[in-house]
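One chain, chain A, links the two complexes that follow: it is found with chain B in the first and with chain C in the second.
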Partner chain A sequence: MSAGPYNYSYIFKYIIIGDMGVGKSCLLHQFTEKKFMADCPHTIGVEFGTRIIEVSGQKIKLQIWDTAGQERFRAVTRSYYRGAAGALMVYDITRRSTYNHLSSWLTDTRNLTNPSTVIFLIGNKCDLEGQRDVTYEEASKFAEENGLMFVEASAKTGDNVEEAFLETAKKIYQSIQDGRLDLNAAESGVQHKPSQPGGRPGTAAGGDQPGRDNCAC
Partner chain B sequence: MACFWLNQDATNVEILSYIQQKEAVFYNIQVTVGEIFWVIPRRYSEFYALHQTLVMDHGLSKDILPDKQLLHIRSPMFIETRRKGLEKYLRHALTFLQQTMPKVFVNFLGFNKYDIFFLLQDMAVKMFSEADTILSRDKGHDFITLELFALTEFLQKAIPVPECSEHKCDIGVILDVCSQLQIVNVKAEGRSNTDTLYEKSSIDLCKLQFDLSPFKTLHMLNLEKLSMQQLVGLGNLRNTLVTLKVNKCRVSSIADVLQCDIKWKELETLDLSSNDIKQIDSTLLLAPKLRNLLLNDNDITTIENLSSMSNLSTLSIANNSIKRINELHTKVGNILYLNMSQNGIQSCEGFSKMYSLESLDLSCNKIFDMKEIQHLGRLLNLNNLALTGNPLAGFVDYRVKVLEYFDEQAKDLVLDNEKPTQPELDKVNVLKALRIVREGKVPDLKINLSLSVLTLMQNLVLATCQDEVF
Partner chain C sequence: MLAVHRDVVNIVQAKFLSAEVVKSIHLNVSSLDGNWCDEGRILALVEYNKTFALFILISAKPKPVSISDLSIETVIPIDRNFSCDTEPIEDSQCHIIFIITYKKTKLSFKIEIGVESSNFASEVIRSKEVSSHNSPVFVWLDKYLGTMNQQNRNSSDLTEQSDLPITRQHIAQGQTAINRESMLKYQLKLREPEYTQIQEFTVFVGTWNVNGQAPTVSLRSWLSTDDDPPDVYAVGFQEIDLSKEAFLFNDTPREAEWNKYVLDGVHPKAKYRCVALIRLVGMQLAVMVNTQHYPHVSNISYDTVGTGLLGKMGNKGGVAIRLQLHNTSLCFVNCHLAAHVEEFERRNQDYKDINARMNFRRSPLAIKDHEQVYWLGDLNYRITDLTTTQVKTLLARNEMTTLLRADQLNQQKERGNVLLDYTEADITFPPTYKYDLNSDTFDTSEKARPPAWTDRILWRGKGIHHVAYRSHMDLKISDHKPVSALFKSEISVVDQNRYRKIHEDLLKKMDKHENEYLPQVTIDQTEIIYDLVKFREPQTKEIIIANTGMVPAEFEFIKKLEETSYCKDWLRIIPYCGSINPGEKCDVKLIVNLESDLDRIYDILILHLKGGKDMFITVSGECQKSSFTVSMSLLCRINMPILRLSKEELIQAEKNNLLYSVPREIWLLIDHLYRHGLKTRELFESSALHEELIKIRDWLDHGSLDPIPGSIQATAESLLLFLSYTKDPVIPFNLHEACIAAATNFQNCRQIIVTRVPDLHRNVFLYICLFLQEFLKYSNDNGYDAKTLASLFGDILLRDVDRNSKPQASRGKANFVYNFLVNDLSSSIVPPK
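Let's turn to the complex of A and B:
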């Protein structure tokens, strides 16, 4: 037991969406565990992961909802858009159909989140260059037209995975600084954690520092 | 309800009986108007006071009231004679006053309570003088079914009210207040649960239909002890209603309340507790903004048809008949508060992926096996858990054992309405260290414990080792 898990000043909620099999769960796993999980079980409904990151010296806990891409869970997963500060929209660069479905995912996102939600487009499996079915330029243009941030990434090699999650957080943090995102608004997807015993939020004490005020006494 | 102006010829007053209470004798006046009757007890002194006013202000002849008497006033013979005399007096007065119906007379006979016109007349006066207070009250305005029925009837029937200064009834005032009310409570309080007659009358509260259309800007409607058949125009509230509570109304399906086809645009809270609902049906989809759904005290056995309710955040299904929960996270989405207390749940496995939950009430179920709690240990947002009233809550060290499953989260978890105490948290750490020792690993020295706990732990570890030696 260490001070780590309580030592952060914000919680940002993310949602990962996209067709089944594009690598959403692998991206989450790569980000939270820094490992590629080749035989990832199918997501039933929804999964969940967390990791603490740092943006401009602030510790931020990311709460990430990994949703099932299957149509039959679409109804349930829609509820998780509510209160998402960031949405990672994923397609598979080796399967054109997953790219073609992006507009429908985007419509859902726009309808069900709030205007300040940051949407980040990820073209996954960029390690499979030989099987590429969607060019970088095409997707990049789509992103630009729709005002999305965009990278190609690989959950397998870890390329650009950190970047996608972190850039999203930076953008959200910026919105808070600019006052564009209202923390008090219900469903803003961001929670400010007031300081509490067990570790002062915002201080640089890392999670792996042994024996620092970790009991509530 | 009665309607005197439509039934002047069918109106009668009788005194059928009397009751003696200590010094006083109450004469039970029965007023019959058409098919409706009610009983109102009055003492002689009240007759006397009425008579003075009627003589003075309304020209009733002076000598028709039975005399005041000082002697023998409690003898049955005397009372019987007086009963007859008073009855005759009332009949005389009614015939004489039936066009003017002065207020004192109306109130004396209880018309203002049981008659459509006279009740509305009082209501209009009250609403005129108190409109501001009525409209500003946080709890909203309480109506009895009779009032709403009277209003509905008055608007639908042409009631021939004779021209007379006493008969002003400004319905406009009532309608104006109704159209501005934001919170309305309607409660039918019959004589008992089985007897739905209104007070001392033959008016059956269950049979009074009323129209809710006058409430043009209603945000919250609380209905209690009514039946859905009584409501007309509930659908007209679809565009404004944010909160709808229908309690103790014997509703047998959600569809009976939300009806069909048209959306409840603003509805956020629906409370259908204490009814006879057996199923969560798909009419809920008509309320796309629904955040809070309360279905306590019903007869629901499964959770279904909620997967599309993407705004739902509170779900309360306490005291129903749910025995098993399977993969709840595929049936409801992003909800924060779940109350499933007082059901027959034995296993917690179905909750294991309800990661969005912040509060879970499973008190008074049938959870027996402590291992079931491990399914809740990964609910990282959980900060409030209730398990009292389950068999496992009787175990030694129950709280510590439950908290152990929550690891780091334990110190922030309110269990059964209490935060863990420091000794409890210390114990959790000891148990954890012991477990690690048993698994043949070295306990994490980063674990930060007070010194006393460390010694306690050492002793325990030693004890376990000795156990294994012998």
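Let's turn to the complex of A and C:
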């Protein structure tokens, strides 16, 4: 398919998930701005970033949703999984607890996305080798057992950040080529042409309006 | 919005007529022109009759104090040719470059990032949007144009369209028409000097009208007389074949023959490769480059235009080849214009037609759009007003100036009729037409045509330095002599490494801009904790949403998946959606009002920005128990005011035995009404003060030895509130339908009350009805009749699940209650167990 009057052929929706403080927002920032944002404020909500990349000569716009990791927001952030073509699941190699929680994040992802969603496991902060709390081998084994792609990366140095985002896109693109990803399915997370970011609760297709019209205002 | 500089705005406004309204200004602007930075500019956006213009004013003081401090530097109408953009400054966090583009004019200003700049920019953008919907008329600007200097006036007056830069705002908004690619091209062009360097290429251009002759002699003496081999050859012929076949079928063996001689004739010290060979009837053009340059040639395209017979045949006209050499676009045009001395106007027309009709496939550029154009050929302009003899005499005397003054091309060019903007080198060679064949003698035939410089080479564009312009007398097979010109031309050569870096840099920037131009807001707090939340005592908390981004932010509270509303029913959000301009703020009120029995309130609100991120706002608070919202069953199991008991004790109390047959609170309220209210007019209809109700609530919930506070009407309203909010309605929901159905018959109604309504609820119901019967005995004093009371209490005793919408089946409920107000109830009363 050609880019036509638009400058990109596809839009892929990504979500970034994982415990609070593992570096999700820094990864997004590093990817979109090529900078490390050391004093990144806590994400209270869902941040949004975009970048155009090229896969096999096709321009693809990535629409990336960076979610809040706090447990208390878990119920709300679940509604953002819907329609993600890629999920970047992040833990912090210097904090074991963030690794231990992966199975719970994975369960959510599997339950809330569709089978063709590409899940990429990122062990972040690999620049802090001295404080390592999770070995490469065991995480790699975990990834293999669960059929996830995996790298260790650093949002600080930029190591492997580009790769993680791009590899995910390549895999999604492959799925489209193989016909494994049905573009017509409403929740494939891939769109053919540009549109406003969508797929959030309340504004999802179907045009549901806010439930209460607050006519008092 | 203007409040910031109200005083300055007034001074600026004084520069204009009163109908020309200064909408927005920006102070302390520096105008950037190359390396220059002129401080003390003020930008002003002025509106007149729905048209807008941007004025750049020079201010004598940083903050002008009088109208004489100001003068107008430039005026730019805001129409479809106008666009604005911003660009970050490498090493500055607090300044930004504000770029105004109008047609080919580009003005840059350094401004400080802040509220003023974003307000100003958004005003300008808005006015631009308004202007693109209608076709504005700018006659009102004429008077100001007169006050500007000439140079600026021209710049706003350009008729030629240049590429319109696309504002970044549009990219961010994902507008479908935005072409990232063309934006990128535009930006790359702007930064060309950074990734290219100029290299001089030798360009040899030759033209020869061969008068239908076949080649027989080497062309070396024409094509390779210079010491060094040129980098580029453009060799044009006219009249290579005068046969009918060539004319009618545009097919001739001469093409290959002449081309072979050209290839043999090029400079022996280099190897050449043909870029393109093109022919129309007798006009032929070949462009060759030194083989080493060939990899840097791209976008080759060509076309032919016939202007001969019928205005379209190929006996006259032009052929052209365009190409890109490294990063510079080149165009070579070989023409053969109309013949005959007196036909100079026809020649001018041919020239115009060639320009208008030359249409390169695969390139949107016209001839004139190329950075360098080389125009060659038999232009056929003659020497006028001189006889053959006079010309020959002047030539013999070497009076070139006189002769050249009589040259039609020079004359027509001077008048702007042809080859405007083209340059020709000084002619130092004798006329190239018309010679006797195989000689250097001018036409000795009967016609004895006066000699003329029919064969010419001109150029247009930047960086072309001519080295030589000459004729070649050695080639005698034609009645024309060949001409050649040698140029040193500046070609912009791309440094691939630098190009890649800048290209990537631009892509990054565009991504960055796109992200920057996402709507951005901050909220001052994301965790709202209310003080102790009490029944029907609203609390308001405010959050401030500030637009910190570059585009207007449209916000809206949206509902979570699987919820029906964007907030719980104990909360109201005002406003729950809106739009905030950059730099502006919006206060949003979050009003909690508790009307049900909750231990605590807790919710996560989603504040969504259209086209951007979502933010979560947590609202929470502890709630105070109230007798108004718990169940009557609980109230009948506790022997003291509800707030004297802890939450644990209350849970425990659910299992206690019933201590009362009706809740203490109801008894207290009704007892008070019985004693003091039976004769009060409008007892149930005058609304009490909110504080009175709160006091009564606290009196009931905390308990007190004081008498019940507030007016008697407040007590009456409290009773109604109590009955409306109590956890389960007096008549349980599931019986409402049966009650309404039975309403026409008292015995049926009584049956429901006696057999189907739970004991406690029956007690309350009858207790209230008995009180109302008592109350009706004083109808003359209080003015109530049974019907009124029945309809008032019907909706309350049989309240709907949804308390906030209009009551359902009010009439049926009233009829049901009416039965119990006008009939003897003694038989309905079941003695307490």
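Things to note:
Just so it is clear, the second predicted complex is superposed on the first by the 187 of 217 C-alpha atoms of A that agree within 3 Å, B and C clash if a C-alpha of one lies under 4 Å from a C-alpha of the other, contacts with A are read in each partner's own complex, and residues count from 1 in each chain.
Methods note: a residue touches a chain if its C-beta (ideal position, glycine included) is under 8 Å from a C-beta of that chain, and two chains touch if they have at least 3 such contacts.
A quick note: this is a predicted structure, and the numbers were derived from the prediction, not measured.
In the superposed pair of complexes, A:G21 makes contact with neither chain B nor chain C. By the touch criterion defined above, A:G158 reaches neither chain B nor chain C. Legend: residue contacts after superposition of the two complexes on their common chain; A:T32 is shown touching chain C, with no touch to chain B. In the superposition on chain A, contact of A:R51 is made with chain C only, not with chain B.
In the superposed pair of complexes, A:R78 makes contact with chain B and with chain C alike.
In the three-chain superposition model, chain A touches both chain B and chain C at residues 5-6, 44-48, 50, 73, 75-76, 78-80, 82, 210-211, 214, 216-217. Chain B makes touch with chain A in their complex at residues 307-312, 327, 329-335, 353, 355-356, 380-381, 407-408, 411-412, 422, 425, 429, 444-450.
Of all residues in chain C, only 174, 176-181, 507-508, 511-512, 514-515, 518, 526, 556-561, 563-567, 572-577, 604, 606-608, 610-616, 618 touch chain A in the complex they form. Per the touch definition, chain A reaches chain C in the complex via residues 5-8, 32-34, 44-52, 68, 72-73, 75-76, 78-80, 82, 194-197, 200-203, 208, 210-212, 214, 216-217.
On chain A, the positions that touch chain B within their shared complex are 1-2, 5-6, 44-48, 50, 63, 65, 73, 75-83, 112, 198, 210-211, 214-217.
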